[in-house]
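Next come two complexes built around chain A: one with chain B, the other with chain C.
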Partner chain A sequence: MLQDSPSFDGDVKKLDEGSFDEPGSAILSVRHLEIGFNAKKVIRDINLDMPRGHVVALIGPTGSGKTTFLRSINRLNDKISGFWTKGSISIHGEELLSKDTDLLELRRKVGMLFQRPNPFPMSIKENVLAGVKAHRLAPKSQHDEIVRENLEKVGLWKAVQDRLNDSPFRLSGGQQQLLCLARSLAVQPEVLLLDEPTSALDPISVEAVENLLRKLVPEITFIVVTHSLAQARRISDHTMFFYDGKLMESGKTENIFTDPQMPETQYYISGRMG
Partner chain B sequence: MSNKINAQKKRSASRRIANVVVLVLSSIALIAVVAPSIWIVFQILHKALPHFTFSVLTKTGAGLDGGLKNEIVGTAVISIGVVLLAGTVGILSGIFLAQYAKGRFASFLRAASDILAGIPSIVLGYVGYSALVVGFHWGFSLGAGVITLSVLVTPYIAKTTEVALRQVPINYIEGAEALGFKPTRVLSRISLKTALPGITTGLIVAMAISVGETAPLLYTAGYSQNLPKLTLTHSPLGYLTYAVWTFYNQPTKTALQLSYDAALIIMVLILLLIGVSRVIVAQTQRHAETRR
Partner chain C sequence: MSIVETSADDAKNDAEGRFHPHLLGRRTPIAIISGLATTVPAIAVIAVLLVLLSKALPAIKYNGVHFLTSTAWNPGNFYANPIVTNGVEHPILAKYGVWPLLAGTLESSIIALIFALPLSIGAAFIVAKKLPPRLRSIAGTFLELLAGIPSVIFGLWGALTLGPILSKHIYPFFAHHAPNIIFFRLFRGNTGNGEGLLTSALVLGIMVVPIIASTTRDLISAVPRLTEEGAAALGFTEWEITRKVTFPWISAGVIGATVLGFARALGETMAVAMVSGAVLGTIPHTVYSTYSTIAAAIVTQLDSALTDATGLAVETLAEAALILMAVTLLANVAARYLVKRVSSTSLPIGKGL
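After this line comes the complex of A and B, so read on.
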């Protein structure tokens, strides 16, 4: 149904920043996207626009292609053998599935937070600075300030300011995930991709991460894959429902949950489908 | 009801017996491994220590008398040469095998490396002799010895490097890629750093092998009672295993003592190497996820 038209018509006018239906205001545009591994097609002809400065939730049953789609946005699937794409994903109108795409710059602009916290085996401070150093974003004299600023942003500063040179692996799982978030934020991304970012965390850490996402929009656009419908409702402005490699339905979160149009969506959000 | 309890009792009893059997067998295996090492260490200490004088370390050889300074320096020079040469080639090959080699070509390389690793050291010694000492007219020399020993340990270093790199968690690598690290930076900042303990251990074992090998050196390094000349060709030199092997079969008591002294020094060197590797591993693993 919505496949051939950008998916937010109708809701657009009510949004705070309003104008993402105008050309260029969608931060990511996907057109006729197909993705597969060898002969297996995993994403089938998806068309959508991601509104800038919002939290977008991707929901759908297991195996529906959410992770595959998400990882394709910063080209993390490239190395997997048999992986192919057709169609287009563009950021600010700039194609990112092209051979000439500058992957390093793309990944600076489009960061990723994984399901399991993955701090690097270096000190807490070096973790925050890892991307900053890789992209030479700031002179050394500013490093301490960057560390502090980003740890404060994620609410970790108080807890770790006395052990910046310690191993990150002595932090709790939730703190590790916040550290990874600080590491991603330090390179000043425009979009952050999150694949079930809280499914390995305890409830209090989940709340901390969720609050953070809300705090960090609209500077950053978040695309969050989640299996928790409650979480999608809590944190997202928009929800996109994936089903069997297709984008079945998308729109304002409120509308998707109160007035789903497609029978598959109705089944899924009523909890009758894995 | 009581039948059930009986059956449970029987089962737990047989489980307990199985436990004991496994414990006994593994203890025997452990003793079989450890006992000979301890016995050798005590033998060497027992034979060498009563006569040991520090002049052995400071005097060069003189016939069947004198000290072992020339052999000690020779062993050190050879080992350092091997670590530089085999370390460079081995680590680069390991990186290549782990990261770049794909499909049939990779299998071919691995098979070639395994075959090389399986060639007896004395055969390598003879090949080194005919190719380098005679073929290239290098004569008995430091160069011939180092190259021959390097051929012996390079496959080992390549393998440990490859294995260590393959064990780097994909989490780290994808995290770094997603942050926009260049492939070379992923390798240098994440993969190599995480793999360093494994690579270091491989290097140290390679060094220990060079300290302890005899056969390939007999054919290629020759022997000299003087301190080693630091030129690659026409530079025969002494080394500790030569002293152990040669002096042991000499009729004089001083020669026999020199043989035990050399064995003692080899042992101490190898223990030192193990100690150094532990320190390096501990230092590099301060921020590691699992401490080793």
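After this line comes the complex of A and C, so read on.
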């Protein structure tokens, strides 16, 4: 809980736009974004640029709007009644929030990994191929190769190569999450959204997933919502701190954690809030 | 400290090895009730089987295996002196065969399922996925109300409304235009007054819909949101999500619900008795033919069977009931087998979820 909290009505710190390292030119740009459900505003006037090829951690207390923001990038909130957006999110300058956005192609480019593993009710092999088949990315003759390549990428190949046709639900939780990652990687996304991807996993699986993310940059840009500050510190290049629907502070992870500029950030990272 | 008062005895028991007489005392009734709950159904099934079997025994002896293949249904001459064959006293010329009733039971139930299954699954998906939340609960309530309508009302509706309409306006079209080739041939011929196989199967179908649909709707709502969202996030279309994720997830349960519906159709008595035409001893040769089922025949024949002084007619009805029960149990066993096969890769059994 907040104890001696200062007033949060002060100005939002200016973003250090354009200060990203190579290859960190912006892949995702957000301008004057507002998001809400019916009359409730969840995100208030956010402006930010996501650096390409980095791991970006979104941190902040529960209810700060970071997950809502994350799910708006691949338009997963669209179906929730009362959901609305204002402003703009663009990838390579291409608007995502327009009515004409091709959602299926957007979701191929921008994949997602969830809080808990969510394998589909089909064999391990079919799970990896699910997106490939839906988007018709490869002829059948290449399917076996794709399965192997992506399972190797996530380090699961040795464990499952003899049971590719088995149910994924017999795998451990960590293995299931890696399988879901392989499934996402198989459609060759540019950005992967991760919504607390390790919160349901054991420590060893957490480490496996974290190492994997570091290995997969800079080909893929990761945007990770996490409640673990230690994890944000371990895996991310940039950290963005959300508070009460606003982007309070954003910068290199090192700077955010060693030299936070905003009092709210200080409170949060020192464990006195959230 | 604990807020529950504990006696010195309890404290001692705790120390000595967790023997709590008052806990045991509370648990005993639960043990008795749960023990009863598990054994009563088993005892009931066995008892019903035994009673039926003992009642049917003379008929089984007299009718022999031909009972299963014969199409005759002739109670014999109740006014002549009974004679004895195989140690069973029976009216002269009595000859029974269950085959037409068994065929009618299976045919009407299978046709009912052919109508009901797609309708139920479609209705369940629409109610669970497409309707706005407020309409969803209203539609769900009506679905459940449909299940509660007494079958005699369905029968009355089938006999007085649906049958006549179909036989006047719908059946003649099929009867005239169906080609004279295999399968379609069944739709040719005299359409009658609306009582018959197809009409009663349709009525059965409507009665079965709420059973399958409401279960399927519950199954759909129980599919983890995260799994369906995962499919959406991978770029699946709504149809792909339904076909590749939602349906495989619920398929084993849908089979279970279908068997429930099938069993209901097999055993449905009143509605069929009212709409089938209640004709014994013939196998339907077109979909419009009058016929009867085992359940309907038992209820329509019981009165006259009681006038058989030798008891054979009633014993034969018991034998027919035994066969109905066997068919229903067989359907359940088959369903278990199917559910097992379907769930081997699709049901989320295992660690991590």
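Simple rule for what comes next: the second predicted complex is superposed on the first by the 250 of 274 C-alpha atoms of A that agree within 3 Å, B and C clash if a C-alpha of one lies under 4 Å from a C-alpha of the other, contacts with A are read in each partner's own complex, and residues count from 1 in each chain.
Just so it is clear, a contact is a pair of C-beta atoms (placed from the backbone, for glycine too) under 8 Å apart; a residue touches a chain by one contact, two chains touch by 3 or more.
Just so it is clear, the model here is predicted, and its values are computed rather than measured.
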Checklist entry - Looking at the combined model built on chain A, do chain B and chain C fit side by side or clash? => result clash
Item to check | First, second, both or neither for A:Ile223, with chain B first and chain C second | outcome: neither
Checklist entry - Can A:His135 be said to touch chain B (first), chain C (second), both, or neither? => result both
Next on the checklist: Touch test for A:Leu247: chain B only (first), chain C only (second), both, or neither?
Outcome noted: neither
Checklist outcome for this item: Of the two partners chain B and chain C, more of chain A gets touched by chain C
Next on the checklist: Going by the contact rule set out at the top, does A:Leu171 touch chain B (first), chain C (second), both, or neither?
Outcome noted: second
Checklist entry - In the superposed arrangement, does A:Ile35 touch chain B (first), chain C (second), both or neither? => result neither
Item to check | chain B versus chain C as contact partner of A:Ile269, first or second or both or neither | outcome: neither
Checklist entry - Common interface residues of chain A with chain B and chain C? => result 74, 76, 103-108, 111-112, 114, 116, 118, 120-123, 130-131, 134-135, 166-167, 169, 180, 183-184, 187
Next on the checklist: Looking at the complex, which residues from chain A come into contact with chain C?
Outcome noted: 74, 76, 79, 81, 103-108, 111-112, 114-123, 130-131, 134-135, 165-167, 169-176, 180, 183-184, 187, 193
Item to check | Touch list for chain A against partner chain B, complex | outcome: 74, 76, 103-108, 111-112, 114, 116, 118, 120-123, 126, 130-131, 134-135, 166-169, 180, 183-184, 187
Next on the checklist: So in the complex, the part of chain B that touches chain A is made up of which residues?
Outcome noted: 169, 171-172, 174-182, 185, 189-190, 193-194, 286-289
Item to check | Residues of chain C that touch chain A when the two form their complex | outcome: 132-133, 224, 226-227, 229-237, 240, 244-245, 248-249, 344-353
